[in-house]
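Two complexes follow with subunit A in common, the first pairing it with subunit B and the second with subunit C.
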Partner chain A sequence: MGALTDYVQFVLMPQMFNGLTIGVAVILMALGLTIIFGLLDVFNMAHGEFYALGAYLGVTLASRGVSFWLLLVLVPLLLLPAGFLVDRALIQRVFHQKERHMLTMLLTFGLAIVMEDLFKAAYGPNTLKPDSPLQGGTELLGNFFPTYRLFLVGIGTFTIVAVWFIVNRTRFGSMVRAAALDRHMAASLGVPVRRVYSTTFAFGVALAGLSGVLLSPIYSVFPTMGKDFILMAFTAVILGGFGSIRGVVLGGLVLTQIQALSSLYVSPVWGDPIVFGIMVLVLFFRPQGLFGGRLGHA
Partner chain B sequence: MDTLDPVLPLQRTAPPREARASTVQGRLAQVFIVLALVFTAVAVPLGDTFFLRLGTEALIFSGLAMSVDLLLGFTGMLSLGQALYFGIGAYASALVLKHVTPSFWAAIGAALAVSTVAGSIAALLSIRARGVYFALITFGMAQVVSKVVYNTRGIIGGSDGIIGIPQIQVNLGLFRVDTASGPAFFLLVLALMLLAYFGLAYLLRTPAGRLLVAVRTNEARVPFLGYNTRQAKFLAFVLAANLAAFSGALYPMLRLPGAHVLPRLRRLRGHGHHRRAGDAHRTHLRKRDRHRAEVGPGNLHGALSHHHRQPLHARRRGLPPRPGGGNRVARGAASRGCPMTGAVPILEVCDLSVKFGPLMAVNEVSFAVRRGVITSVIGPNGAGKSTLFNLVSGAVLPRGGKVLLDGKDVTGERPERLVRLGLSRSFQITNVFPELSVRENLRLAAQVLEPRSKAFLPTRASALTLERVEELLASFRLTERQDELAGYLSHGEQRRLEIAVAAACRPKLLLLDEPTQGMSHGDTQDTAALIREIGKTVTILLIEHDIDLVMELSQHVMVMHQGKKLAEGSPQEVRGDPAVEAAYFGKAHAAN
Partner chain C sequence: MNRHAASFVALIASLLALPATAADPVKIGVVTPLTGTYAPIGQQVRWGLELAAKEVNASGGILGRPVELVFEDEEANPAVATQKAEKLFQVTKVDFLTGTVNSGSTLAVGQLAERNNRLASTTVSFSDAITGDKCSPNVFRVNARAGQQSAALAEWLAKEKGAGTAVYYLGPDYEMGRNTVAAFKAAAEARKMKTVGEVFAPLGNNDYSPFFGQMRAAKPAVLYTSVAGNDTARLFTQLDEYGLRKNLLIVGASGTVTSQNMGALGKVADGYVTGVGYSPEIDSPENKKFLAAFQAAYKADPDLYGADSYGLIYFYKAAVEKAKSTDTDKVRAAMSGLKWMTPQGEKEMRAGDHQAVQDMYAVRVENGKFRIVSKVPGPQAVGPDTCTRF
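Up next, the complex of A and B:
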């Protein structure tokens, strides 16, 4: 009996907590993806690179002496104009063509490759490891948890709730939802649809950047970090049903728990194949996602 | 930017483009070809090793690019993981060269074999998904495999890759090519890539290749021409995997000093970078490059998998219940309402039903179509006529009831099987291949008449098809417009083409869904004459709104209302039926 409670307390709980830490970060990323998809109908393949951009920006600014706490606000703010520009200069160019999905996918995929190379050119191929701003651990329920991770879960949850609030309870959010449901109708009701598009894209990208800053003390910073992470985020979105905020939260949590717990029994090498397997199974048998629904419906 | 609409840019619908008849097109392509020729003419005699190796590498990647073009440009499938097969080819080749035999052909053979197996498995996993979901799966697949390889030591060497691949000599019969020799290996790779290029160009001229183009331009229609789209996509996928692996197999032979195969290698990107990095001459082939293939400018296919959920695909193909009547289908299909006629009718429908949500779109409808008789289905909008057609033609799976074609149970059969059995249909909304010429539309539809053995011969070898196309052009008065893109035809012409495409396969039974929809009076009269003409040889089942036309054309009429059969009989009988009048004019159902 004691062995079992020990197992739960010292093996299962820390592992599930680690899963939760990643889960919150995945959800932040996936939220951006799903909002961009829900509104613009665009699969942003460069989302992972915006996450990396956030992390790199954080590293650079930190080396100039900017405090980590300020970065949490500054980096997303800096990414807003970047996202706005990408939408205006690239995505809107092909947005109105018949093959929108594929063209935007190719475009953002190309952007991802270019960005990754730029990171490499600017920062070199090596891994950078920023110091954790919160050292040490905190005792909770008889376990020691790294304080920074607790902070991450807290601020991540706060952000997720804030996003939900913005989308569902603000004027801007209702314009976004209106434009997602029917952009022509929204336009004729006076919603500045193009601005809403670009702002939403920027908003999604900023969320990815925030995720990058938050995770950089845990996972370090390297040029391919975006590509390594994006599959998770996409799977969370697919699991949750494209465009659904509630779905993406549940999807992200379920996925990261599966990954965290499975790594207790199989080599972590198989973490990615498991995630991918889940994605394929969901696409096969429930393409609308497990908790499906479009932006504005859930 | 846009002057007319300050809020939303106008929908820019691209005019239909001619699907490429050749893989070389456009000025840019020509410029590149000239540059490549100049490069070859200068670099080979000079024997400049560095540039030749760079050139060879470019050629090898062109093979990868061609494989992406085969998928995206021909078939409309966007693969973001094509470099996976490049990697598979490179690993297979490196392993064979190092551990088995230093034979060029063995290496190529291994790459092709492994990529066929891997490509088949991957195709089974991915081609069910469409559009972006297909792209996501291919992306994920490449990502996952490269990570696993990266973390797996042993013979494939994990993150170190495979080191110490021997130089080899390629025995070409007459002479030998040393892979270490810059010019000779360049020329060999050039020859191989040209071979691949012309192979693809040839494929595009065969019925099989044209079918791939048809899948790209209008995938939904292809099954109704009698072809299995899944098979076509599978073929394209495996062929593309083969081509990518073939290019990949050449990669480890590229004698960049100290060459080895790495899981996360990168393409040479200016050696300055490499020298600085201190590993100047390692060839990197990182996983990311696997996605990097240049993508052909082909026309993209925008079908999306959430479009599956359109009614046409609602409860359909690819979902479990399979032919043979399926239990669900057979149950409750006792021949209660089945018409019992003496001679076997060409089409017999018993108690056919389907439900969309709570709506019984077609509710236990039974009727028969006698051979050589033009039968019409009429009814107010929303009566379930088109849904009935969708059930009979295999577009939608019925929930209950039976469909007998020529006395044979074909309930729930796939559309392409039904076409092969002699049942073809046209669509209410013109559903042809707008980016293909009129002639090509008809050729595609008629090539189903040819034996499969001709699938990989040039299209001009299909005599039956060509003869049929001429016939159709003449009888549908499209001869003068034969080279026009279908998307550029007038509405009336498009409607004629729609019927011609449906009739091309010489069906026994032709289902025409509102053939005169949207036509002017004159065009309607012409079409009526045409239908009567076709009706002399083919049994026709017609949906029509133009009552005059129905009375004039058909010998038998069935009236549908709210998913049910309301009345049936000769045109005169139906016309006099009070229930029919009530349905049309909203009178109280006095008769019932």
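Up next, the complex of A and C:
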């Protein structure tokens, strides 16, 4: 019995906590993605690059002396107009065409390539890293938990709850859900649909940027960082169901826990194949995901 | 004699006089990455070669002939390197070839050199195979190979920490990562240090915290790693986050901490030790002279690529002067066992495998700079001759 509790306490628990911090990171990225897909039906291939943009903005502002806590508010605010513009100027142009899915995918893919090269040109190829605002850690139940990671879990949870609240309990959220359900009816009822679209896209990429700032002290900042979590984020969205907030939270948690715990038993290189294998199985047997449906319907 | 005959004779006389003053240059082809990811390395190679060529030409050239460097961009791609090398051998008719960075390029160019009956040398590539199981009678290496770097580091570590020291290995899961770990593990175990664990993370892994549990349980005194670039920044930062840097000596490959990630690492890189073949701190008159000339010419410090490339020109000069010719077979014979002076001291080109034997250094990061902590003499660091082809 003693050996089992020891195993749970000293091996499983810390591994699950690590999986949890990575899970929160993935969910923050995936939230924006599922909202954008749930409402706009747009597969934003540049989502990772907005994550990177947030991180780079954070580094630039921090070097001017802006405090980390202020960055958490400032960077998403700065990304809102950027996202709004991208939607108005680029995505809306191809939105009303028949091959919308393909076109927006190609468009955002191209945008991703351009953004990555712009980062390299503006900041150089070297790695950057802001200092962690919370150093040190605490001993809890015989394990060491870095303070910053505890903070991440906390702020991640807060953000997820806030997003759920905005989507499901505010007037703006109800406009978004109405436009997702039936664009024309919502428009005829006075919902400013185009503005809602652009604002939602802006909101989605602002979330990506926020996760960029939050994760930069532990994962560093470099031009190709957009590729770090994007595949996991997409997988979480697919597993949970496009447009479902509940789904993406559950999907993200499940996938990262599986990845973290599997590294105890198999070589780490199997982490990705296992995760994507699950995605393939889900698409095979339940393509709408766990809670699939239109935004806010799950 | 009439007017026409006199001017004709004068013309012939002046034409006959010209060859005596204009000497046929010795052409050295340089196939190196001038663009792409490895461009900074190609830049150092270029600087080192040009500085040496200028100095050699100023003191009379090689056997009275000026050195001419012909550059071609290999774009860090072995296929492109092969094409450019072919062009240099067949069209430009170079006497000697150098400059390749990527170990794959060096091996490919080596085969081409054999087919064209010319000699080639690398000044950067450090895969052991080049002067090991894939050695070639026409390929030489003036720089230290991976095995020498590992040997230097293992030698320093054994003296610093002693036999029985617990070492944990963490490398990126691809050829270079696994080879470097294997090479150091062999060198460490030969010096009676204990391996307490080994893990290979995917290249580009974000989060190393899933491996910290097993690392902690193994209780190592030393961590050896061969990650590079962004992976290093993440590994070291996360080790620091989890309080694992206390009481842990981190050592690793020479490419793990470089100017690319030194800025991001900051103080978490302090204390990192690796083995290298060159440091600007080397306290020899040759190095001081080289440093001063390099800094004056290019306003930058040389790194090992610049220093080794500089040394190559002097190596070739010494060989050609000993052979009194640029004929391939004579120069090859002259190069075997040749000793020549470089900023790193005297190097010897081992005849058995065409690998340069040189003193190696263990260097440690202190405040963003590498400082020499010990020197390992050439013969101890070079490793066995595993070339069986010649």
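Operating definition for what follows: the second predicted complex is superposed on the first by the 295 of 298 C-alpha atoms of A that agree within 3 Å, B and C clash if a C-alpha of one lies under 4 Å from a C-alpha of the other, contacts with A are read in each partner's own complex, and residues count from 1 in each chain.
Please note the rule applied: a contact is a pair of C-beta atoms (placed from the backbone, for glycine too) under 8 Å apart; a residue touches a chain by one contact, two chains touch by 3 or more.
A quick note: this is a predicted structure, and the numbers were derived from the prediction, not measured.
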{"item": "Simultaneous placement of subunit C and subunit B on subunit A, clash or fit", "value": "clash"}
{"item": "Subunit B versus subunit C as contact partner of A:Asp272, first or second or both or neither", "value": "both"}
{"item": "First, second, both or neither for A:Arg177, with subunit B first and subunit C second", "value": "neither"}
{"item": "Touching partner for A:Arg100 - first (subunit B), second (subunit C), both, neither", "value": "first"}
{"item": "Touching partner for A:Ala187 - first (subunit B), second (subunit C), both, neither", "value": "first"}
{"item": "Touching partner for A:Ser132 - first (subunit B), second (subunit C), both, neither", "value": "second"}
{"item": "Which superposed partner A:His47 touches (first subunit B, second subunit C, both, neither)", "value": "neither"}
{"item": "Partner chain(s) touched by A:Phe109 [first = subunit B, second = subunit C, both, neither]", "value": "first"}
{"item": "Colliding region between subunit C and subunit B, picked from 78-86, 150-158, 186-194 or 456-464 after the shared-chain fit", "value": "150-158"}
{"item": "Those residues of subunit A which subunit B touches in one complex and subunit C touches in the other", "value": "125, 228, 269, 272"}
{"item": "Residues on subunit B engaged by subunit A in the complex (per definition of touch)", "value": "7-14, 78, 80, 125, 128-129, 131-133, 135-137, 139-141, 143-144, 147-148, 151-152, 269, 277, 288, 291-292, 295, 299-302, 304-306, 308-309"}
{"item": "Contact set on subunit A toward subunit B in their complex", "value": "43, 45, 92, 96-103, 105-106, 109, 113, 116-117, 125, 183-184, 187, 192-194, 224, 227-228, 231, 234-235, 238, 242, 269-270, 272-273, 275-276, 279-280, 283-284, 287-288"}
{"item": "Residue numbers on subunit C that touch subunit A, as the complex places them", "value": "37, 173, 199-202, 204-207, 209-211, 213, 229-230, 233-234, 237-238, 241-243, 259-261, 263-266"}
{"item": "Residue numbers on subunit A that touch subunit C, as the complex places them", "value": "10-11, 14-15, 18-19, 21-22, 125-129, 131-132, 136-137, 144, 146, 148-149, 217-222, 225, 228-229, 260, 263-264, 267-269, 271-272"}
